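I've put the structures underneath this note.
You will see two complexes here that share chain A, one where it goes with chain B and one where it goes with chain C.
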Partner chain A sequence: MGNYYFKLAWLSLKKTPLLSLLMVGTIAIGIAAAMITITVGYMMGKNPLPHKSERVAMVHLNAWDPAEPISHRRNGEPDVPSMLTYRDTMALIAADRADKHVPFTNFAATIRVEDADVRTAQLHEVRSTSRHFFSVFGAPFIYGGTWSEEADTQGESVIVLSKRENDRLFQGADSTGAHVIVGSHLYRVVGVIDDWQPTPRFYVNAHEMYKSTSPYFVPFESQMRNNLFSPTSMPWDCWGDGPTSTLQEVMLSECVWIKLWLEFETEEQKHEYFEFMEDYTEEQRKMGRFNRPEPNRLMSVTEFLEEEGAVSEENKIGIGFALAFLFACLCNVMSLMITKFHGKGGEVGLRRAVGATKQNIAIQFGYESALLGFFGGVIGLILAQLGLSVLTEMYPEYHANVMTMNFSLMVSTILLAVGTSLLFGLWPIYRAVRVQLSSQLKSL
Partner chain B sequence: MLKMRGVAKSFITDTIKTQALQPFDLEIKQGEFVAVVGPSGSGKTTFLNIAGLLEEHSEGQYFLDEKETTGLSDKQKSSLRNQKIGFIFQSFNLIPELNLFDNVEMPLRYRDFNAKERSERVLNALEQVGLAGRKSHYPQQLSGGQQQRVAIARALAGSPSFLLADEPTGNLDSKMADGIMSLLKDINKQGTSILMVTHDMEQAQQAGRIVEIRDGHLSEQKVAMTA
Partner chain C sequence: MKDLAPILKTLWKNKTGPMLLIMQIAVAFTILINISFMAVSKLHELKVPSGLDEEVLFSLRTNFPVAPDENAARIQQDLLAIQTLDSVDNATAVNSIPLTSWGLFDSINATIDPDSYIAQAGTYTGSKEFIDTLGLEIVAGRGFEDSEVQIAQLDYHERPNSILVTQGLAKWISREDWAGAAGMTVYINGQPYQVVGVIKELVAVWPDWTGNERSIVLPTYHYANEGKLMIKAKPGQLEQAMEDVNGLLMQLPGRFVTDLEKFKDTREKGYKGMESSLIILMSVTVGLIMLTMLGVFGQARFTLMKRRRQIGTRRALGASKSHIMRYYVIESILVAGTGVIVGSLMAVLLNVKLMEIFRVDSVPFEYFLYGGLSVLVASLVAVIPTAYSAANISPATATRSV
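Coming up: the complex of A and B.
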């Protein structure tokens, strides 16, 4: 019977092509507007590590100037730094109370292939971190792998490249074992990661979340040993009067400049780690540090995204407006459906006379509403793709992933169109099945 | 087959009660051909709608094949209409976007027939009205008389107990009308009861019985003997 209803729905749409086109077009425009804003909002705020987002957490220690807070939160309360001092970072890593430690900062350096002309060197951002960065944040390798524990502790000059940089420098070949020059230091390639763009890039602050991932990764300790310091491209905040003109001075200072993410086996361990942070803070207080009253934080991925406002209020308002527009479009479609189904009163009367129940008629028109929604959804999906590509051109500062629908969003687009079309078809269908039989049989 | 006892129909609007059909008794046996005549506005269509279970009667009892129809649910009435009654309308009521096969198949779609059974019944019905060779044509490709034949095939496809025909020749010229009347008579001869509303006394005389409705009163008329 499903095929029969589908055939009737198709014939009915073909019978009134202009009206059908108007309804499909109205649904398509409403769906496209809604899905463009929903896509941007969803991609900005989605959980990038759904399988372990509550077991991966970022350390916020309140090591800051007792005189004034580093900044204020959106609710007006004093904030705590989201980065750590070098000494606190090293102390927490040495305590070894988490499964994996991922400290990181970044610097800028000129990079070229070992034998290449010096004029081919390009200035790039380099992420200095631990070997666990890739497994904790889910970066996949196409060649080689991450560096060894020894490379971390000894600060060996090894490097991991992005696929794009590997394509540029080594024409996409397996470059493990090859050498590149970072600044003036020779680094050996140990791995190449595939195209990888978590959206949002949850491990950095909100203003960087929608930018491209770093193209180079080196052991954190190697940055210290090779004295790779670029104060203008490195995020850091300082207080007090200590000197900060060299990397060594920054390492000894109370400046905060290192983010520290941790991965735990269980959430229970995460809670235990917070207790450990409190103990550590207490110890430091005895030495005259950590004199501010605000509590430390150990924020999971989802908490950090929420804190950073990954999805802005403007985005939420935009989604609200788009849904309101979709609602208005569907109200129009509903009124067109009432007209269309009213025009089929004669057919309803005939079908009822020859034995169709009200349910049969409701299902027949339900198929028609669903088919309208499906076509509206498909065209809406195409329009949304066009709209998103225009937005990508307009906002180059955001990574294209933010303006890209994933498969589930595409399926959701169609389902939303079919679902809302069916929902808004309920009233026209209800009216259509309630026609008085005897009065309709002369109007076919 | 069809038995009505004290059936009446009234409409109430605000405080005014209009008696469309006065209480009447009527019995139609299997194989009868009954014509219903009467002037416009006399209550013929109301009578036909009640007989076809398209409208509820206000009083009395209506039995269809011994089954009391009063108080049946909408679903039960739909099922009875589908199995027991074949409708033929003055304006044919074919769906223009469906071909002849699909039009005739329509009532069978609301019954538990499989595709093979449906196909056999449709082809038999079209064969019976002489249009089996045009099953893929659309209604607008046919003459008025042919369209009414398709409507008759649709009414016959489900093997109903009786046919309800509302002015079946009203939209046809006399030659086509004669053709339809002789087809209905053939069908009747094969055992299907027919209840036909008509304005045309000449056609009414071709039925076995004539029931006249005048000002809501239903009465039997004698049929003139025809050669």
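Coming up: the complex of A and C.
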């Protein structure tokens, strides 16, 4: 029976090509606009660590100038630094109250293969962190693995490369054991990670969330030992009177410049950790630090994304606009459908007269609107892909991942198109089915 | 106007189609008004003058591969060497480069009490020649004297006590008379600073910050092992100067030079995202108008089918072609007009909501006027071909089957 209805629907669409084209085109444009904005919003707001987003949390300690807060949140309340001082980071790591600690900052350095010419060295951003970075944030290794615990505590000169850099420097070979020169220091390669781009890159602040991941990773302590310092490119913030011209001075200062993420085995432990942070703050207060009233924060991945506004208000409004646009398109399609089904009054009358029930007619027209929706969806999907590739060109600061539909989004596109055109077809179908038999047959 | 009554009656009898069209136009109009307003505001932001001598400026980031205690000497040596190049007019070290989204900001307070907060401002520091190199214009008070400007270690013991502010900030400090800001004292991080002069324009580092016309300049450049330089080339020698400076700096072993960029490119990169948003907003505006036209066209075209007989009858009874056309045109104006009125109400509601979120201004009245006019014109353009062909229906064919 289904085949028969499809055939009828197809024939009916072919009979009025201009009208069908108009309807399909309108659906396609509306769907494309809606799906482009939804894709960008969805990819930006996606939970990057679905299985443990509540067990991975970032420490915000309120070690800041008693005279003035570091900045203000969007709602006007005083904010707390999202980075830590070196001494607090070290104290929290030494206390060892979480399952895994991931402190990090970054620096820029020229990097080349050990025996390559000095002039081949390129300046790159290097992430300095702990060995747990990869397992906590889910970066997969293709060669080797992360560095050892000793490397973290001793600050050994070991390095992990991204696949892209490994392809460039070692032509994609297993480079573990080889050496590269970072600035003027010899580093041994211990691992290579696969192409890895969490979207959003949730562990940094909002304005960096959609940029590419760092191509190099070294132990945090090795940055300190080798005195690698990039005051003009790393994120940091200072107050007070201490000198901060060199890395050593920054380490001793009250400047905040290290982000600290933690992973816990259970959410319970996370709550206990917050208690511990309070105790730590209390202890520091006795020494005259932490003299601000705002509370500390221990923010899970989802809380941090929310606070940072990973999906900006602009995006949400964009989605709203696009959905309103789709609604306007569908109103247009609906009135076209009414015209179309009205014109088929004679056919309806005839079919009813030879025994078709009202349901049969409704199903027939239902198939027709579904078919319209399907074609609209397919063309809309193509238009959306075009639109997204144009957007990728237009916003080079966003990683292409943000502008890419995954499979479930593609399926949703078609479903949305079919679903909405069925929904907006209900009224035209109802009107068509109500047709008076006699009035139609008379004029045949 | 005697057509009005029958038109309204017909519309009312067959209300689904016109209602849908009204709804469609209303929604389209709502979006149209708000989006075009946002687009125009964006355009204004894009046109914010940087205040810099953009044609001859370029910037770079480099390191000073020497022992920490030689950093200051190295920077001064480098700057001197760059300034003596034939293709270079002037050079300065800066803490951050305008429109690159990396820099400092400070809260400006009127007294030592943080509750006397005035505004936030982007913070620049530079070595001697900062004002001249960037091509800034002092419009009140004075620039820095040589004795005030220093290269210092990044500790706040050697604190300057004079600052320059932009005119955009001066308006906040001294509300009645911005020029009066020169000579006033403001507090930053609990420390007093005297405003010695007002700069006409100097854009802050964040292109999308709505307050980016507010900047301050401190006369103390704090050095470290890395630094950013801005260099003014002699007119017409920008490319040459970039090459010369790069060559000069790279003579030192262990040196890197990166982000070597014309300021024109920096500006373009900084505003690229906003420019893209603007293009999107404008194309959506055009798309909406097209969609409205399509809707009106479709509606008119396909009701024409239904009305062939009615029109034929009217023509047979003596209605002229212009009567038929007038009927269609008035009908379309009625429908589009209702859509615009409903849409205006919705647009105002949406605008109030948007004002809460973005703190944008309310949409001025002209937008409704011109927006409404353009929707009416668009729907007329869409309906006229149909009205024309309707008028040409011959009474004979239309009434044949009666």
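Quick notes on this one:
Going forward, the second predicted complex is superposed on the first by the 441 of 444 C-alpha atoms of A that agree within 3 Å, B and C clash if a C-alpha of one lies under 4 Å from a C-alpha of the other, contacts with A are read in each partner's own complex, and residues count from 1 in each chain.
Convention: contacts are C-beta pairs under 8 Å (C-beta built on N, C-alpha and C of every residue); 3 or more make two chains touch, one makes a residue touch a chain.
Bear in mind the structure is a predicted one, so any value in this text is a computation, not a measurement.
Of the two partner chains, chain B is the only one touched by A:Asn360; chain C is not. Annotation for chain A, partner touching more residues between chain B and chain C: C.
In the superposition on chain A, A:Ser233 contacts chain C only, with no contact to chain B.
Of the two partner chains placed around the shared chain by superposition, neither chain B nor chain C is touched by A:Ser135.
Contacts of A:Tyr4 after superposition on the shared chain: chain B is touched, whereas chain C is not. In the overlay built on the shared chain, the residue A:Ser212 is in contact with neither chain B nor chain C.
Judged by the touch definition given at the top, the superposed model places A:Met394 against chain C, while chain B stays out of reach. The residues of chain A shared by its contacts with chain B and with chain C come to none at all.
The residues of chain C lying in touch with chain A in their complex are 16-17, 20-21, 23-24, 27-28, 30-31, 34-35, 61, 68, 71, 101-102, 107, 114, 153-157, 189-190, 222-228, 254, 256, 258, 272-273, 276-277, 279-280, 284, 287-288, 291, 294-295, 298-299, 302-303, 305-306, 354, 357-358, 401.
Of all residues in chain B, those touching chain A in their complex are 45, 49, 52, 54-55, 74-75, 78-79, 81-83, 87, 89-91, 93-95, 97-98, 106-107, 109-111, 154, 158. Of all the residues in chain A, the ones that touch chain B in their complex are 1, 4, 11-12, 14-15, 346-347, 350-360, 437-438, 441-442, 444. On chain A, the positions that touch chain C within their shared complex are 19, 22, 26, 29, 33, 65, 67-68, 108, 110, 121, 123, 184, 207, 229-233, 239-246, 249, 313-314, 317, 321, 324-325, 327-329, 331-332, 334-336, 338-340, 342-343, 391, 394-397, 427, 431, 443.
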